[in-house]
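Naming follows writing order (A, B, C and D), and every chain is counted from residue 1.
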Amino acid sequence: MALPVDKFREECGVFGIFGHDSATAHVALGLHALQHRGQEGAGIVSFDGKQFNAERSLGLVGDHFNDPKVIAQLRGRSAIGHVRYATTGGTTLRNVQPLFAEFDFGGLAIAHNGNLTNAGALKRELVSRGCIFQSTTDTEAIVHLIATAREPRAMVPPATASPGVVLRIIEALKQLVGTYSLVAMTQNFMLGARDPYGVRPLVLGELDGALILASETCALDILGARFVRDIDPGEIVIIDESGLKSLKPFLPVSPKFCVFEYVYFARPDSIVEGTNVYEVRQRIGAELAREAPADADMVVPVPDSGVPAAIGYAHAAGLPFELGIIRNHYVGRTFIEPAAQIRHLGVKLKHNANRATITGKRVILVDDSIVRGTTSVKIVDMVRNAGAKEVHMRVASPPTTNSCFYGVDTPMREDLLASSRTIEEMRKYIGVDSLSFISLDGLYRATGQQARNPKTPQFCDACFSGEYPIALTDFLSGDQPAQLSLLSERG
Amino acid sequence: MALPVDKFREECGVFGIFGHDSATAHVALGLHALQHRGQEGAGIVSFDGKQFNAERSLGLVGDHFNDPKVIAQLRGRSAIGHVRYATTGGTTLRNVQPLFAEFDFGGLAIAHNGNLTNAGALKRELVSRGCIFQSTTDTEAIVHLIATAREPRAMVPPATASPGVVLRIIEALKQLVGTYSLVAMTQNFMLGARDPYGVRPLVLGELDGALILASETCALDILGARFVRDIDPGEIVIIDESGLKSLKPFLPVSPKFCVFEYVYFARPDSIVEGTNVYEVRQRIGAELAREAPADADMVVPVPDSGVPAAIGYAHAAGLPFELGIIRNHYVGRTFIEPAAQIRHLGVKLKHNANRATITGKRVILVDDSIVRGTTSVKIVDMVRNAGAKEVHMRVASPPTTNSCFYGVDTPMREDLLASSRTIEEMRKYIGVDSLSFISLDGLYRATGQQARNPKTPQFCDACFSGEYPIALTDFLSGDQPAQLSLLSERG
Amino acid sequence: MALPVDKFREECGVFGIFGHDSATAHVALGLHALQHRGQEGAGIVSFDGKQFNAERSLGLVGDHFNDPKVIAQLRGRSAIGHVRYATTGGTTLRNVQPLFAEFDFGGLAIAHNGNLTNAGALKRELVSRGCIFQSTTDTEAIVHLIATAREPRAMVPPATASPGVVLRIIEALKQLVGTYSLVAMTQNFMLGARDPYGVRPLVLGELDGALILASETCALDILGARFVRDIDPGEIVIIDESGLKSLKPFLPVSPKFCVFEYVYFARPDSIVEGTNVYEVRQRIGAELAREAPADADMVVPVPDSGVPAAIGYAHAAGLPFELGIIRNHYVGRTFIEPAAQIRHLGVKLKHNANRATITGKRVILVDDSIVRGTTSVKIVDMVRNAGAKEVHMRVASPPTTNSCFYGVDTPMREDLLASSRTIEEMRKYIGVDSLSFISLDGLYRATGQQARNPKTPQFCDACFSGEYPIALTDFLSGDQPAQLSLLSERG
Amino acid sequence: MALPVDKFREECGVFGIFGHDSATAHVALGLHALQHRGQEGAGIVSFDGKQFNAERSLGLVGDHFNDPKVIAQLRGRSAIGHVRYATTGGTTLRNVQPLFAEFDFGGLAIAHNGNLTNAGALKRELVSRGCIFQSTTDTEAIVHLIATAREPRAMVPPATASPGVVLRIIEALKQLVGTYSLVAMTQNFMLGARDPYGVRPLVLGELDGALILASETCALDILGARFVRDIDPGEIVIIDESGLKSLKPFLPVSPKFCVFEYVYFARPDSIVEGTNVYEVRQRIGAELAREAPADADMVVPVPDSGVPAAIGYAHAAGLPFELGIIRNHYVGRTFIEPAAQIRHLGVKLKHNANRATITGKRVILVDDSIVRGTTSVKIVDMVRNAGAKEVHMRVASPPTTNSCFYGVDTPMREDLLASSRTIEEMRKYIGVDSLSFISLDGLYRATGQQARNPKTPQFCDACFSGEYPIALTDFLSGDQPAQLSLLSERG
């Protein structure tokens, strides 16, 4: 039995460095720091002045890229890398990024965080033009768009290296609908791009004079690199020997950064869009304590993602913060089919209620979110079996009522507990004495906003509000999404 | 580079169950819950009424024993298992327990937590009698002692099954010096034994009428099993179809449970010797706050082992508890040779300072212990680089001045930071503004004692006090310890 | 050290079956029988009515496709497969065929034996049109040509299923220069094609009403399938539910079957172009005995490829045929670096002179060919060290003076021993008392021809004559062959 | 389905070298040359002056010992090695030899070819004395006998190094019943021993001044080593820095070398007991032609073991020798479950009838032996399906009517085709037009004897005659043989 995954899951992380003697070693470490954004596979492509060198593997970064021989073969002073989650169906090495292709202008490697909502339509169009897809990732559509793009009229500063290539990439990006924070590398330059809405994060860093692009600042910290700034929504940066140039070739739109990055995806030590994630989560806890107090003896986080909000809640409520649930740090990814007798084995492989601490107590459980609710049921049951007198659940995000199509692995809408149930129905299902979620306004306040702007929300909060800021082309037209393929392949 | 291990490490965990239809599946889960006691290798031996079935593997329990086919092959209603750490030298499957041997009375499997301090002397004597050792573990000496034991005069209740075999095992145990909590299994019964000093833990549980022996109660919780009681120091229990019988064949001595189990080894949710570990650790933090207050803005644990004491300290000191250091949950066991430029890569693979939280702040860092001090230096440096204005370190155990010879992997005495330095010298070495350790009396108070009895300490605290309660036979005589062998073998 | 490969090596074998309940199992067995045509990697693609299922692996067919689970996953009543040799550079799974691509008309899998001599020119042209290559095989050019082909005016019998798709494939094939015997499969039909010169073999078979395409008849024998006929040079067959249709869309040219298939590539039990290979080889031996007799005591083959010619030689010469060299059947593909002291370890891993048989004797050694000559030197030295009084070498092919560019892995011309040496120089180099090669006319006679037609040779014998019947487009223009790539990748 | 094994199988090969700088590399090569004597597992133990270094692995020698790192770790100037077959039950690394044990005098490694017929009795006795067995091999009994042996009165030349150790080994060997050709190594010397009957071969060689012990001379040839002489039946040789010493501590008996070594086990290029195996096999063929002529068109061997006898038969009969059956050289050890439709897939994975050669012909098939007969049935059927007009089978050994207990893996007596059938019944079963076996006298003549001495046969020919020269202690007493164990273990 795979461990129950009852979370939204970020689908990717990207990292690139240009002009460093230990380029690949730094990419490997950066990807390790971004591992929470994708654990299915990892890949690195470097360029050594003559040739691109690629290595991809299923599993964790440290499972494969901890081998000095692997690192040594990925020669060169520039390199980009990628970590990714499995979506559905067969996990195959073909889908592990960065993708690489040879064009008439030379080679190009690309790593993409996000999801194209018109990938199906693009693929159908490209196949009819004679393009052959080798992976089932939406990212490959970008590669074919670049391959078949004609150079448009100039719009790039003349000083830019390889202006024709850059123009073709821009031409390709303009045809995309959806979200992307991507890093690409040619023989001459590294490129970073964020979609006009800036849904996924992308930051710029610097180490020993070399420039770095990464999904989150925690990937800079591990290297001792300096955080320079966020890449802006709709910005394209070109990094070459002459330095960095910034382009903004898209019509400006109101940014829609993913608010769930603050709730769960980003690492707490990262600074995203100017704000520290840990502090936002603490403030969510504090807001929640104000919005939904409870008469209780202690605040207990569901580890580890519930910890910052629980600290914030406990402090604001003046209640003790206690580790009433202990985490087993040696959880692998799969384990034995549960012997039928063992209740809720799934959560017990990872967590154990700390009976001595919670028995006879009124406990406020703080979790980051409720998705299907199946894990919550088991955790609450475990806590009650350990003797808790009352269990009050407080959730550090609003009810998740809608699926995400922007680069996050979420269940179908009908599988989301909140999609069709009242709070009271959910309370009964989960089996708690009280249940409260933070309000959407409370969440926005915790991020530093005054309140949610109902006309033009400052974030993408579609999973809570159902308001999708970017067209869901494939899904509305009934097109097959790009991931479907005639080919089933392993290995 | 392997991740820096700058901790004392428990060397083993044991688990056994007698008379359950899913015996092996439960042993696998129990070992998974005991994984913190040993991560080098795991093994299970079951008995199916006719034959013993064995499986051993290097690595984590979940790496191998998550395979339903492996579990299915380990047929039978009784099974015992073991997790272990590497000590020095080549890690080899031969040393993974349980050990198994065939005797004139049939088969016997044995799993041992602890360390025999006369193993070298025993081995030399046994080899001269014609015994052939196949592993380099001290445990094998017990097996040969049983094989060559003569049955002594009866002392066992006549109702016991296989009284002759039990007597031979007791005869063997009487020749041991050192520590052992062990579980053994023959064709007729399961046996649990704890050395007269009771240095290592061993508990009795019950599930569906089947009796269980385990190193810690957390291994009962994962199964939903009931905790019955601790096995007493010097007690031998025989579990067979007729139930449990208890023997106490040794001269009684004053118990010396290992106090470091409370400090670091045991899981916080376990109840050892009647006391919950998490609560002891919180009380240590509270004692420490009283003994060594500091004028500071926040209390930050070194995750994860420093968390309970930090919570206790923060509460007692009335200071905020903050996650100023974030842990990467995807740490594998090895990673890339550090590119020379990366300062303190080792700790950064696992931890990152949460800059936004600690910058400009006066921080109290709480760690469970300081062993070599090398990790502390790196963590403090990382915290300072993240902008902490002051760093005060508080350690939840007294200075560790002496090595352990009782089943714990510790550095040589000269490598222990505290073995030859004053507190002030250590403070300078680690680079903190102030440094305090809890007192030995404070530690004893946190466990529920009034104070340490200086004549007959209630615990074994040799690593702090240098007072070794059990003879170090091999080490005093200059004998080669049992681990040394003429054979070097891999795989 | 890899075992010395001092042979020409066929680069591929293909197999396909249409409309059989055990399609994949039969492909696996057919590929096993064709293993001598390629040992680097094997792949199978099946079609199950809805989806194509693919599996590729490095190594022998039996290393991977002996797993019933693997076979079971390759569902469907039609399947094609491929075995291949490594050429130069990194062996990578990406290059293991069948290739698969999705087009606007659906999926297509293709397996190719042969080599395109204009692959470099085609690839450059295709890339400039926006095609993206994923492998470094020349075969991928065919796929892109099909993808970008426009449907030409009809030339296909109206009754053919999917006439448009067939026309596009023909359009693509018309742009190829070089050699190909290929098998392809779409959702509706299986296709077999042989280049107009028919350089590589391809045969048609039948089993339980299902039609089969295979490189050699030995792949029919293993299944108990019936040999129907050879596919003609320039013929394209379309096999679908309605049966087989034959097209001949190319201008007819004089066929040029590869004469080296008779000398070494094909298995002796195969019937190629109407003639049994074993009998041709025996007749070569007999011709050789007439052309180049020797006064000797026995005829000894260099096993195993020299055996049939040696039998023919011995019989014609009236001399005993003796196993003077014994083969070790357990040769893996690599072995230990030779300890410096061991003379000619390479050949000894595989062969040993049978001292008792040859000592004091005048030996005629029969080998199939001499390529670099390095192995011959070692074998002759081994035979002399075992006491042979005289060694006369007889070679069952003419001197190989030229490289092959038509799907065979051969050394560069300058590395061919015969490219720059007289027979006498070669004799001295190899260290034999006499050396003779069969004449080109003798070789033709052994195949059943009267003699070689000097104006229009009945076979391709470019490796002996230097007369290349098909244009070497890439090589003459100095173009980079298609195999070169900007990407270096493992795994 | 595993390939049908319808042969007697030698169970082991041994090799040792004393005093050579590349000791381990030479052992690995020697074992590779002895691979035909055991393909299940291989092991090497070296001694480097301080420590013994061991490495064992399942599979072929070249699968594991082709790694220069593995060789490099097996440091030292002396080393011994072993190859073995699986017998029944789980193949486990524990049973791969050489065995190693530490005694009061130091370490000893031992590699054994043969089988002890009193191993069960010995094991029972040793276990009752407190010995603990770790493997299920009979060889381990030897180790425990040495461990528990007392030094007897001197009988060894005073100049011998370590006389006490040698005496203890002799004392142990004296308690053995059965067959053994063994090589052992201590810190001071290498020892070779052959049982008094000399059933299994053992030869002495020399290379660069270093002495070598090996099962067959082909293992000397691969190294370029010189064959010195056979070790005599009942001889023990001690090789140390001072050279070789020979002991003959047993009462002399009439030697009984295994005649089946000539028929099938030994490699044809080996010289065993003074006679070349290939020539014996040719003479068997010639004898067979005289004893059992047939009116036919050609002689066809069942490859490869039937080849030498077929050459001898063809020459004596004046008939052509033809490769009417072709062998696939890429046979792995297992393959796909036969699709039900494929007749006799098992033999076809390995062999194919050469239809063009044999169709319409009267064929004499020559095989080395008939064991169960199942393979013969399939081969004859395949040959008939390929069009042979008549099939006459000639077998190069007498009917195998009895099992072997002396170190050979044979079926139970009742599974031997000849154990309960007349020649005519066997002829019908196999489906041939005529069937003849060589006579026992004919076989003896082919080895160079005048005839078989009916009172004291010059060889062990128990498998043909049922006359077992050495007591079958375990089997007569109904004792469990030593291989049975209470433990079932994998890996």
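One rule holds for everything that comes next: a contact is a pair of C-beta atoms (placed from the backbone, for glycine too) under 8 Å apart; a residue touches a chain by one contact, two chains touch by 3 or more.
Small disclaimer: the values here were computed from a predicted structure and weren't measured.
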item: Contact distance in steps, from chain B to chain C; value: 2
item: Shared interface partners, meaning chains that touch chain A and chain C; value: none
item: Centre distance in Å when chain C and chain D are each reduced to the mean of their C-alpha atoms; value: 38
item: Whole-Å gap between the CA centroids of chain A and chain D; value: 62
item: Gap in Å, rounded to a whole number, between the CA centres of chain D and chain B; value: 50
item: Interface hub residues of chain C, defined as touching at least two other chains; value: none
item: Interchain contacts, given as pairs of chains that touch; value: A-B, A-C, B-D, C-D
item: Chain D - residues contacting chain B, complex; value: 51-57, 73, 93, 100-104, 106-107, 127-134, 143-144, 147-148, 485-491
item: Touching residues on chain D, where the partner in the complex is chain C; value: 22, 25-26, 28-29, 32-33, 35-36, 39, 60-63, 65-66, 68, 71, 207-208, 218, 221-224, 267-269, 271, 276, 278-279, 304, 307-308, 311, 315, 320-323, 326-332, 334-337, 339, 341-343, 345, 348-349, 352-357, 385
